[in-house]
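Which chain is which? They are A, B, C, D, E and F, in the order written, and residues in each are numbered from 1.
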């Protein structure tokens, strides 16, 4: 895999009480580091890719620790050191009918205070092939939305493939703009897009009606964002907090490919399953340029395995993912 | 919720080995405090009710710790300080086909040595609206059975609504009386009763035959205990130690209402699920006086969520329970 | 102890890696709740006092958890619910020559955003006898400094005894004012003051020279703040992060009383040792109105025991503290 | 149970990261001691049998600890003390579609260096009734294969009943011989054999074709190994790493008996499930000499319960297994 | 060591909160099994002696677990199975000036209900050489005091060497007799006695005055209990809960031998230090019959090492103890 | 710090039971990765140096994990992937008079099987300035001793500064050669040497007599190894397993410099203290080329801080070390 990939986003300290304890009675927290684009970077590095992660952290022990964690996966962090807060999120693991809960505590973080001009995109993108970002960046502040745009313009100009995950989180859009006022001008730069079709109107400003087929939705997206070549969407069925069925679709402008579905009966950690999918898709599109179907299967299998792994990052290797695609489920102990 | 509720019972230290370890190989124990009526009190306090819990504990660190735990939920404990033992129970968590096990170690506890005349019921019940107790109290000693009767007479005289959970535990009735010799004269004071219909003969002395409908059983109960207005019973189907389906019925003297059923696929902690139901029912009957169906749904949803929460106490809030009633299962992470 | 005490301040979530791990390599955090005035309140409640704690927390699981913790000690919290951040601090336990480290993450917390007029001091102070606050409040924002002043004026007018702990933390004074511009007008309301004499100039604006005796320093303080009746200061000698000797002095305007000194050879948790002293002093001054020496000994013994207790709060009881004053050290196991 | 049973094999230190962590991110390991024949011995001792376990361990703390663990179950260890390595295996617990993984680290262990002549079989087998071993022994080295043969000859000559578990692990056969070159001359001594029919060719050198019935396979085995009286095989269906259905068959030379099947919906620890079956079978055959069906049901129920128990050893008691056979699943808490 | 040793006493479940937590805030407990005579038995077994421990436990998981623990050390337990309580004690670890605390919860335990005639002493003592007991047994009930006497008479008649540890715990003597009414008639059977000279009057009824030398005290003891050959006493100096200096003296009727003293600067677990001494003394007297000084040094070194070992049992080996006697302190890592 | 440093050695998995548990009773192990030269590399990287670590690991999860850990500190690992064993060592933490214990389990590890010709030293040393190795490498096998020589010849030829730590561990020299037959021809390449003077004869073959001054010893060393410019030795006084005093000396061929001494009263983890010294010395010699005294003080302060840090690696930063040199001990909490 000679491609060089850049992802850009925030890395947060995740604090989750062990053993399904509720936050209300938490006596301790397990610490993980994660964030949408950081998780994509880490997974790609574990696949053997050459990955850099652009971010900002405070110049203190927690900022250093977050970067150390990234390096441990083989990611090269490029971090602006500023401010005094590493963003935090509290995660209460759900079970059965009790949903998981995320409590964001990322206001005024080092990353949230980034602005246009603080990052030397030309140098970073030099000799790179792919740029990935997500809608969370744009949700944090007007400044960050503008910084995203700056990055996208440079990446586009320098000829990188650009992928995005809409990652629409209504509670994060608090600076006075709706997602639909910001996201379209960013998505126009993208070649590859992961998005929930339900978010079409609120996130992209493209109205759809409930009876519309997914091909129609994707066609509308393509009409508005002409650069898009690959649009993907993940699905969950029969879900409670402990078990569900997952699958995904990929639209290449012509055909709608459907992936195999996996029945995940025991979820260990669901956070980062979308990022695992995204990393799997980027890897798949690069490694299997001739088969979007294989790329899609790789992405779904990666996401499936992430549900069995504690923390935000998919620790699965290429071999493990391919074994699952080839039919080796969890039923047999590997010795 | 302006109603003031009093519950009366024992609070025990629960010791359970972590991670499904058996007691035989336990190297450590997680500590929780619980007890049928204490759990009801704690859950009601977390719903925002004004709750007092009447009990007895030793005047030592463990007694203080038990009361501290109650206060942490917002319960006001009223505790006789006597004796030198806080009752204990060991709980071995089951899994799949291995049943959970409770090993009671409550003999000679401070609570078990309570006697008539030790508690000033008139003062306690003053300005209160509801009194709740369970059959466990009556099982511990003749003295406690008489103390229950004393409490019930005062509560009845002072006009409180009275609820009881039969909570029939055969292994606890060891002082020479059968439950059916004691419980009927206590149940006669009750307005609301939670009971397993299978226990009708052994606990209440009312014979039923297996083919009898549940309406018939409840009708017989009503015939004997004329004060009863609301009788409820919970059900479990397809149960192993890790998963099952729950539901409940409520009989209001005329109609038998059936609740929605919940398929709990991953049980985190089943202890206290009945107490969570009872607290939900009391809350429901008070908060929704016009709809027994809503009260029942609230109680079942509360019990359902308890299965996902470690410890004896249902930490669920009113909002979480109502969200479940309204269809929000665990499938979606709340952000 | 019939006195009713009010304390006012922030309650924070403390996150500390276990077993002397550094923050840089923290894989989990133990959770405690604490804060200077909250610790004083909790300790006083454990002494059997009637205590209320005035604060602000977010209306979420962490805010509820902080209040629950306070209630567990018997403190009645009076909390403004606003904002979305519970303040946090990370604590890296030191050892021997490695100092402990506190990393504050309390910017924009619910408490930090309190303003004049948000708290009904008249109602709170009604029937109360004592008001305690610390300089940390005043360091957080101009608004909080003004709110402190508001509280002090009302408390003063309503005749409460007022105590303060200077608690000078240079890194917290970031809103453009020096402590010496703010603190004097707040300290003027105080009857009882705990302060490090080294901070005289920076915190109170009163210059002293190094050779000055402590009586001289306290005399200067008294000259400026005429209401002061009791001034105390704690000392540490031969300290590393694991062991030291502590003692204290109390000046009653006439005599400088010196306490017994304790050689603490194994520190378990040093955070809150000053708050334990303050709570001990308030209790001592109330319980032993005829002997400042006894009050001082009580305060120092309380602080000594705090060093042996994990978390921010001194869990020691009156009996334990008196036993230490009377010479029962840790050398004998109590059975 | 007056029968005296000898088992022979290696005891290993098992190191498994807690909470489904992957080995790659393991920050701690839970320690268990186990090994195929050690697990059989421990389970039989917990059933009340008189059991000795023949092995080799280094003369250091870990060797002592392994023997201490065996004694804790009531097994009498007979251990050659030699070498300086206790064999180790790392176990990564799987979940859902992620398979569990075993990483053996047993090269050059004290046991692996045993040779013919080092063990006084005559003394050990004196007054004993049953000898059990497994194919793992034979896989470790030519010396061990010869030592097995030595043991089998003596046991045979002294009239013990002999049982074996093929336990075919391809990755362990590394010393230049195939299992099929070694195992047949060892299996010829056996009265009771547990084997996967899929391993017929590779392990026993007996070719079968996929369409062959299990009776046919067992008939072929019996033809080659004339001493065999009881052949058993276990089955797993619908398996992922967290749930599956298990059952077993027993062929007595005439009839193929089928066991009840159990749907294990939540696997706590699958390691040792085969050994639990083997111990159950030996116990069953001894305790219920008149009913192979009961023996088989006992073995399957034992194996079923093992899936719910952390560690390598089945801690289930005779009463618990019989209760499961009699229909008491995990659905009811035992109080 | 061909001597066979019998000890007799209660084995208790010890529950201690980890990391110096107070009982009041305990969220979990570490589980250990211990008891004065059980600890002596375990330590002797680890020294390689042949040891049986006579006791009573309930026929449940906890009783089985206690026996399993004893077997793990190589002790052969001989247990009456009766009653339904395993005795418990809660242990709050102290630190520096905060003393450790033991909260006994052993009322009505299986052991406490033993009576004369329940134990077949003749069979137990057959072929045995040494019998050890402690004053705790006699403190629990009149029945147990009589059972002790029964055992002592048989042991004496059968010619065993008899040792006792006075182990005077005032809070345990609750059945209406003072120790001094009971202990003398039991001590008269003893050859070896460990006792605190401060307990002379209260435990043995022999008055001493504070200025009396220890030789005088021991001479008085010898005058009353003529069978005594060896009297020992341990000392602690400069003690807080974390550090102290220990030593011991041994009087052989003629000379008062003094041991080396050890400065224990960091106590890990002090419980069982006296039992470690007692086991060391028994071992020393047997292994070094020609040198009471060596026996005494062995006992003190054993007790010294126990302070560094978690739990009730001294896990030190003969080699480790001899290395300490020979001057190898803890300053060098053994590789 | 523009210098590029290469270290060469084995990285091992360290398994240590928590909370001062003995190996004999270990129920879990904390996992750390370490090794003499790996620890030096990690510490230097944390100081901000550019460091590569040359080693060999198996191509499995544990090998990957070891490399990941190195990367997390900023070290770039250059690893031969071969064999199937990552070396392991078990570490039993001592306390007071109980010494710590290391149990090596590194036979047949991937590293131990390295041979001449497997590593491309020319490429590795290109553009590098410093090469560090230790005597442990040479102790493992004749092949490794030859590989060390190969590396030293290349490094020497390419002009790197070469440092070595004798690290004499008698139990590791098992392949038939004494250290004194091997080490001298390796030490002759060194510019900087850390060694215990007690090991002069056994490790270097240079006899000294006990009364000789350290200057004399170092002079003899210099006579034999003419390239040596800087010789250092560390000292421990008054040591038990929990506390001691440390210091060091440095001889520059002319003067014997003595460092400040530190009284470490509470040791958290002593493993790696020598490696922390070595890393500190290398950093010091590079960063302070004009002052060997400052370099020495830096090394000793680094080593002092390591004693307070769990694991093998000194996590201290340059700022923390300089603060300690400047007199900031652990007595004050940094806020």
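Simple rule for what comes next: a residue touches a chain if its C-beta (ideal position, glycine included) is under 8 Å from a C-beta of that chain, and two chains touch if they have at least 3 such contacts.
Each chain and its UniProt protein: A, B, C, D, E, F = Sugar kinase.
Fair warning: this is a prediction, and the values are worked out from it, not measured in the lab.
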Review point. Which chain lies the greatest distance away from chain E (Sugar kinase) when centres are computed from Cα atoms alone?
Key: A
Point to revise | Type of chain A (Sugar kinase):chain D (Sugar kinase) copy interface by residue overlap (half), same or different | key: different
Point to revise | Pair in A-C, D-F or A-D that repeats B-D, with over half of contact pairs matching by residue number | key: A-D
Review point. So which chain is farthest from chain C (Sugar kinase), going by the mean of the CA atoms in each chain?
Key: D
Practice item. Please work out the Cα centroid separation of chain C (Sugar kinase) and chain F (Sugar kinase), and write it as a whole number of Å. Key: 45
**Study point:** Between chain F (Sugar kinase) and chain A (Sugar kinase), distance of the C-alpha-averaged centres to the nearest whole Å
**Key:** 41
Study note, to complete from the structure: Going by residue number, chain A (Sugar kinase) touches two or more other chains at 18, 22, 24-25, 27, 68, 101, 266
Point to revise | Touching pairs - complete list by chain label | key: A-B, A-C, A-D, A-F, B-C, B-D, B-E, C-E, C-F, D-E, D-F, E-F
Study note, to complete from the structure: Counting only contacts in the complex, chain A (Sugar kinase) reaches chain F (Sugar kinase) at residues 68-69, 71-74
Check your understanding: Where on chain F (Sugar kinase) does chain D (Sugar kinase) make contact in their complex?
Key -> 15, 18, 22-31, 60-62, 64-65, 68, 84-85, 88, 90, 92, 101, 103, 105, 107-108
Point to revise | chain E (Sugar kinase) residues within the chain F (Sugar kinase) interface of the complex | key: 18, 262, 264-268, 304-305, 307-311, 315-316, 320, 324, 328-335
Exercise for review: Sort out for me which residues of chain D (Sugar kinase) touch chain A (Sugar kinase) in the complex.
Suggested key: 19-22, 24-25, 94-102, 104, 169, 171, 236, 239-244, 266, 270-271
